[in-house]
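Scrolling down, you'll hit the structures one after another.
Across the two complexes that follow, chain A remains constant while its partner is chain B and subsequently chain C.
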Partner chain A sequence: MIPELGHFALVIALTLALAQAILPLAGAATNRATLMGTARTLATGQFVFVAGAFAALVASFMANDFSVVNVATNSNSRLPGPYRFAASWGSHEGSMLLWTLMLAGWTFAVALFSRHLPERMVARVIGVMGLVSAGFLLFMLLTSNPFARLLPAAADGRDLNPLLQDPGMVIHPPMLYMGYVGFSVAFAFAIAALLEGRLDAAWARWSRPWTTAAWSFLTVGIMLGSWWAYYELGWGGWWFWDPVENASFMPWLAGTALIHSLAVTEKRGTFRSWTVLLAITAFSLSLVGTFLVRSGVLTSVHAFATDPARGIFILGFLVLVIGGSLALFAWRAPRVGLGGGFSPVSRESLLLANNVLLAVALAAVMLGTLYPLFLDALDAGKISVGPPYFEAVFAPLMAPAIFLMAVGPVASWKRAELPALWTRLKWAFAVAVAAGLILPFAFGRWSPLVAFGLLLAAWVIAASVVQVRARIALAPQSGLSARIAAQPAHWYGMVIAHLGIAIFIIGVTLVKGYETERDIRMAPGEKTVIGGYEFTFTGTKDVTGPNYLATQGQFEVRREGDIRIVRSMHPEKRVYQASGQTMTEADIDTGFTGDLYVSLGEPVGDGAWGVRVYHKPFVDWIWGGCLMMALGGILAIADKRYRSRMASHAKLDAALAPSKA
Partner chain B sequence: MKPRTKRAAWIMAGIAALGVAVALVLNAFQSNLVFFFTPTQVAANEAPRDRAFRIGGLVEAGSLARDSDALTVRFKVTDTARTIPVVYTGILPDLFKEGKGVVAQGKLGPDGVFRASEILAKHDENYMPPAAADALKKAGHPMDKGAFAGQKTEKKS
Partner chain C sequence: MRAALTALVLAFCGAVFGQAGPKTPDANVEARMKLLAEELRCLVCQNQTIADSNASLAVDLRNQIRGQIAEGRSDAQIRSYMVERYGDFVLYKPPFQGNTIALWVAPVVLLAGGALAFVVLVRRKRAAPDAPSGPRKAEITRLLDAKD
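Right after this comes the complex of A and B.
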């Protein structure tokens, strides 16, 4: 009964989404307030019904209802509760429902927090989001029903993929989807601006917090995915340039360019068309990413051939959304206008350079990700593009972007003078060069790549210090704490996000430069020394988990030359009973200056095992840096200038009131 | 310089920089493409001798042998028509099994042994590397789902 209620709720949500798409947009086009006024109510209704459908799916999973195909395929009666909950979005169908729930949630949030926006803008934004939502609901109901029944019901489920039975996997997809779907708000704002034919600083100010929120979620989502891959895949890498990862990274690159471009549009009223184009791109890439990962096209492009309805629907939907919005852009962008001019040396130029570099990097990642798929789809041969390509391309493109990133906040808008910039930043530059020359010796070995990485990180940090000092020194308030408190939250957000990049670079540089990875054969009693630690393998024992049996390796870790055990480590090799699938569970000793990582390979005879013993210096700084970036984003949103200021908004309302020319 | 010429110069510089970037990207792309060959193609000398490539097929049942002192394994990859001997040193992924699909990346030695530098691990046991499935199909092997767990089949009610 519950699954049928869920299915029915989806059908109602679809009708509401269609109404939400048509009525407010028609109202905005014909300037009818009653029609425009329906937007918020319909968005709320749609949210309620999608949430109801989602709750029904979760209930089916929690109740082990194996008469639902989705549950029977992705869960098991012995699966622990939290994973049964997470299994709700473990399948293609469930993840589509989660996506739609997020979209309905963002739309509901727009409906709640847009009291101060002009009615016509709100109607269009909510209408566009309704269109997207209708597409997804239709897709689910026609091709991917999460509530489809299985007759006769299965006795027990086939279990959730063991790789996904992990706390990281419980929160990674919702975070990632919050980011993907969050860009739909920026997208809807962009489409609304194109329809309106005007795009100004006020518009940019409305879109900015939404875009930054989505970007922060996406950053955390990608970070969780990377962290999960590191400890769960059992081979200690944190980024593989796998198409699945690239699918989430491409919208992130577009989103990063977008939040910077939006800043220029708000402050200087320029970059307008480019900002709109980026908003369309970021959301289009989110759609492409969702479908790439979730449709099975990466497993095999011919998956479409086995289920043509799904493939054709997806392609049609993508063509409609991306093609339609680009056509609208081509038609309306000239009306949006270009905005004010600026000199070649100015903050605008630096941000433009940053945007161009991000766009080129995005194109390079896209080429490496999609080209093999195209070739395969055309039956023109099978190729793969591995990490060497992405590394060869990405680092040289990002290095200048990061170098300029440190200069940007110091440069003035409109026109900056190179000599003045040099005067302000020469000490920062000296510190950076010194760091690059000297610091690598502190880690044992100097190499050009490590030196360059540390130089870039030190440059960002030192330039941030210069900028913070100058800004606080110039503040009119008396007293240091008053001056610090007087600075706006969005500015602190930017500084922290940029420092996050520096922390991230330090992590990547040191782990690439000084990591030790050893895959060896170890018999009980054997030792190996790595990164200043001595690992002794003392044997294995069998342990039983809730739904798996495991062989647990026993390792004693000592500092080299010391007899005291500083830690014992217990990596596991698990066999999950329902699926019979084998899984490697690494044991990781996490530390501020690096991780010790042990995982079991396979038994190689005589009680000996193939073992991975890794030392990963500063690897956690990679994810710490990502968290700082996201935290910077959150601080930026918290800025009080985004919050309701009725007086000034009333003025904006007046300025933007529907003016029939 | 007049503002106009100055702006033109900046734009030219920008385009030149972009051109260099695109050239670098395409060059890196060209030199890092990894092509895929089936055992039959390798046997017919179609695969390059000096460049890394991928092979795929089934791990022939009973072909897996392990050197006793280290982590070196030897096995044969077959597309049911031809087989290629493979040697690999390192830890095999969890999903590596005799009789199951596999994709290996490496170089072909002068002795005709494929020296794998990487054995591809994938996330799902029902997953057949598409390249491996393709190799079998090209060799005219009936798609026997049982033998290699098939490609993930979508269940419908």
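Right after this comes the complex of A and C.
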């Protein structure tokens, strides 16, 4: 009964989504307030019914209803509760429902927090989001029904993939999808602006908090995915330039460019068309990413053939959304108008350079991700494009972007003078060069790559210090704390996000430069030394988990040359009972200056095991940096200028209405 | 579906550790082996290098590389040996050849295009009028910042 109710709720949600798409857009086009006024109500209704459907799916999973195909293939009666909950979005169908729920949620949020916006803008934004939502609901109902029944019911489920039975995997997909789907708001604002034929500072100000919110979620989502890969896959890697990873990274790059372009559009009225194009791109890449990952095309180009109905729907939907919005862009963008001028050295030009570099990097990542698929589809050979390619292409593009990132906030809008910039930044530059030359020795070995990475990070940090000091010194308030408090939250957000990049670079540089690993055979009683720590393998013991049996390795860790045990570590080799799959569960000793990482391979006879031991200096700074970026985004949204009631509708409406002339 | 495939492949990859690495590794050989193995694809895995994978094929190939290094073969010789056996697919860094010209050249072309766009835009903007949209802009800013 519950699955049928869920299914029915989806049908109602679809009709509401269609109404939400048609009525407000028609109202905005014909200037009818009654029709425009339906937007918020319909968005709320759609959210309620999609949430109801999602609750029905979760309830089916929690109740172990194995008469539902989705539950029978992705859950098991012995699966612990939190993972049964997460299994709701473990499948293609479930993840589509999660996506739609997020979209309905964002639309609902727009309906709630848009009281200060002109009615027509709100109607158009909610209408566009309704169109997207209708597409997803239709896709689910026609090709990917999460509530399909299985008759007769299975006695027990096939279990959730053990790789996904992990706390990280419980929160990674929702965060990632919050980010992906969040860009739909920026997209809807962009389409609304194109329909209106008007795009100015006010529009940019309204889009900014939504875009930054989506970007922050996406940052956390990607970070969680990377962290999960690190501890769960058992070989200690944190980013592999895997197509699935790239699919989430491309919208992030577009979103990062968009945030910066929006800043220029708001402050200076420039880059308007480019901003709109980026908003369309960011969301289009989110759509492509979702479908690429979820359709299985990335694993094999032939995956589409296994379910042609899905493939054709997806292609049609993408062509409609992306092609339609690009066509609208080509038609209306010339009306959007140009902004003011700026000199070749100015904050605008620096942000333009940042956008150019991010766009090229994005194109390169896309090329590397899709190239092997094209070759394969054209029968022109099978090649692999992996980390060596992406590192060779991506790093040289990002290095100048990061160099300029430190200069941008110090440069003034419209016109900056190079000599003045040099005067302000020369000490920061000296500090950076010194850090690059000297710091690597502190870690043992000097190498050009490590030196360059640390130089960049130090440059960003030192330039931030210069910037913060100058800004606070120049504030008109008396007293240091008053001056600190007087600075706007969005500015602090920017500084923290930029520092997050520096922290991230330090983590990447040091772990790449100085990580050590041992891949050896160890019998009980044997020792190995790594990163100044001595590991003694004392044997294994059997452990029983809720739905698995495990062999747990016992390791004693001492500092080299000391007899005291500083830590005991217990990596596991698990066999999940329902599926019979084997999983490697690494044990990680997390520390501020680095991790110790142990994972078990296979027994090699006489109680000996294949063992991998890693020392990963500063690896956690990678994710720490990402969290700082997201925190910066949250601070930026918290800025009170986004919350102030600004002005009455009527006044803004009047100001924004197309001028009669 | 993809999850199932991943699971299958991972089960396969995790299945056989075979013999692990040597008991007393030679640091130089290990370092060179690791650099090479990081560029080579484990063909039976989802998307893993030979350095990362625990599949028996990867373990075999790691030992192969160790052996060939010990025989004094160069990195290039070892790489071409792998390509002879497994094709270009084994290389994570695709060679520069007929079907990869676009892959390697495009980023350079894109960057050149980006640089050109930058120069053109900056020149145009230098000549552009100064104030963005005059009184309208001021009005909007005033309304946006009004506290009422």
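Brief remarks follow.
In the analysis below, the second predicted complex is superposed on the first by the 646 of 661 C-alpha atoms of A that agree within 3 Å, B and C clash if a C-alpha of one lies under 4 Å from a C-alpha of the other, contacts with A are read in each partner's own complex, and residues count from 1 in each chain.
Throughout what follows, a residue touches a chain if its C-beta (ideal position, glycine included) is under 8 Å from a C-beta of that chain, and two chains touch if they have at least 3 such contacts.
Because the structure is a prediction, the values reported are computed rather than measured.
Under the clash rule set out above, the superposition-derived model of chain A with chain B and chain C contains a clash between the two partners. In the superposed model, A:Leu150 makes contact with chain B only, not with chain C.
By the touch criterion defined above, A:Val356 lies against chain B and chain C together after alignment on the C-alpha atoms of chain A.
Shared-chain residue A:Val69: touches chain B; no touch with chain C.
By the touch criterion stated above, A:Ala192 is placed in contact with neither chain B nor chain C. Touch criterion met: A:Asn161 reaches chain B and chain C at once.
By the touch criterion defined above, A:Ala630 reaches neither chain B nor chain C. Put simply, more of the residues of chain A are touched by C, taking chain B and chain C as the two choices. In the superposition on chain A, contact of A:Gly610 is made with both chain B and chain C.
In the superposed pair of complexes, A:Ala380 makes contact with chain C only, with no contact to chain B. Look at A:Leu367: by the touch rule set out above, it reaches both chain B and chain C. Once both structures are placed on chain A, chain A residues 161, 163, 234-235, 296, 299, 303, 306, 344, 356, 360, 363-364, 367-368, 371, 381-386, 388-389, 392-393, 397, 519-521, 579, 581-584, 601-602, 604, 610-611 are touched by chain B and, in the other complex, by chain C. Contact residues on chain A toward chain B in their complex (touch as defined above): 69, 73, 148-151, 161, 163, 233-235, 296, 299-303, 306-307, 344, 356, 360, 363-364, 367-368, 371, 376, 381-386, 388-389, 392-393, 396-397, 519-521, 579, 581-584, 601-602, 604-605, 610-612.
Residue ranges of chain C in contact with chain A, taken from their complex: 1-7, 10-11, 14-23, 25, 34, 38-39, 41, 46-49, 52-54, 62, 87-94, 99-100, 102-103, 106-107, 110-111, 113-115, 117-118, 121-123, 125-133, 136-137, 139-141, 143-148. Residues 6-7, 10, 14, 18, 21-22, 24-25, 28-29, 32-36, 54, 66, 68-71, 90-92, 94-95, 105, 121, 123-125, 127, 130-131, 133-134, 151-157 of chain B are the ones that touch chain A when the two sit in their complex. Listing the residues of chain A that touch chain C in their complex gives 74, 90-92, 161-164, 200-202, 205, 234-235, 237, 240, 242-243, 268-270, 293-294, 296, 299, 303, 306, 337-344, 348-349, 352-353, 356-357, 359-360, 363-364, 367-368, 371, 375, 380-389, 392-393, 397, 517-521, 579, 581-584, 601-604, 609-611, 641, 644-648, 651-652, 655-656, 659.
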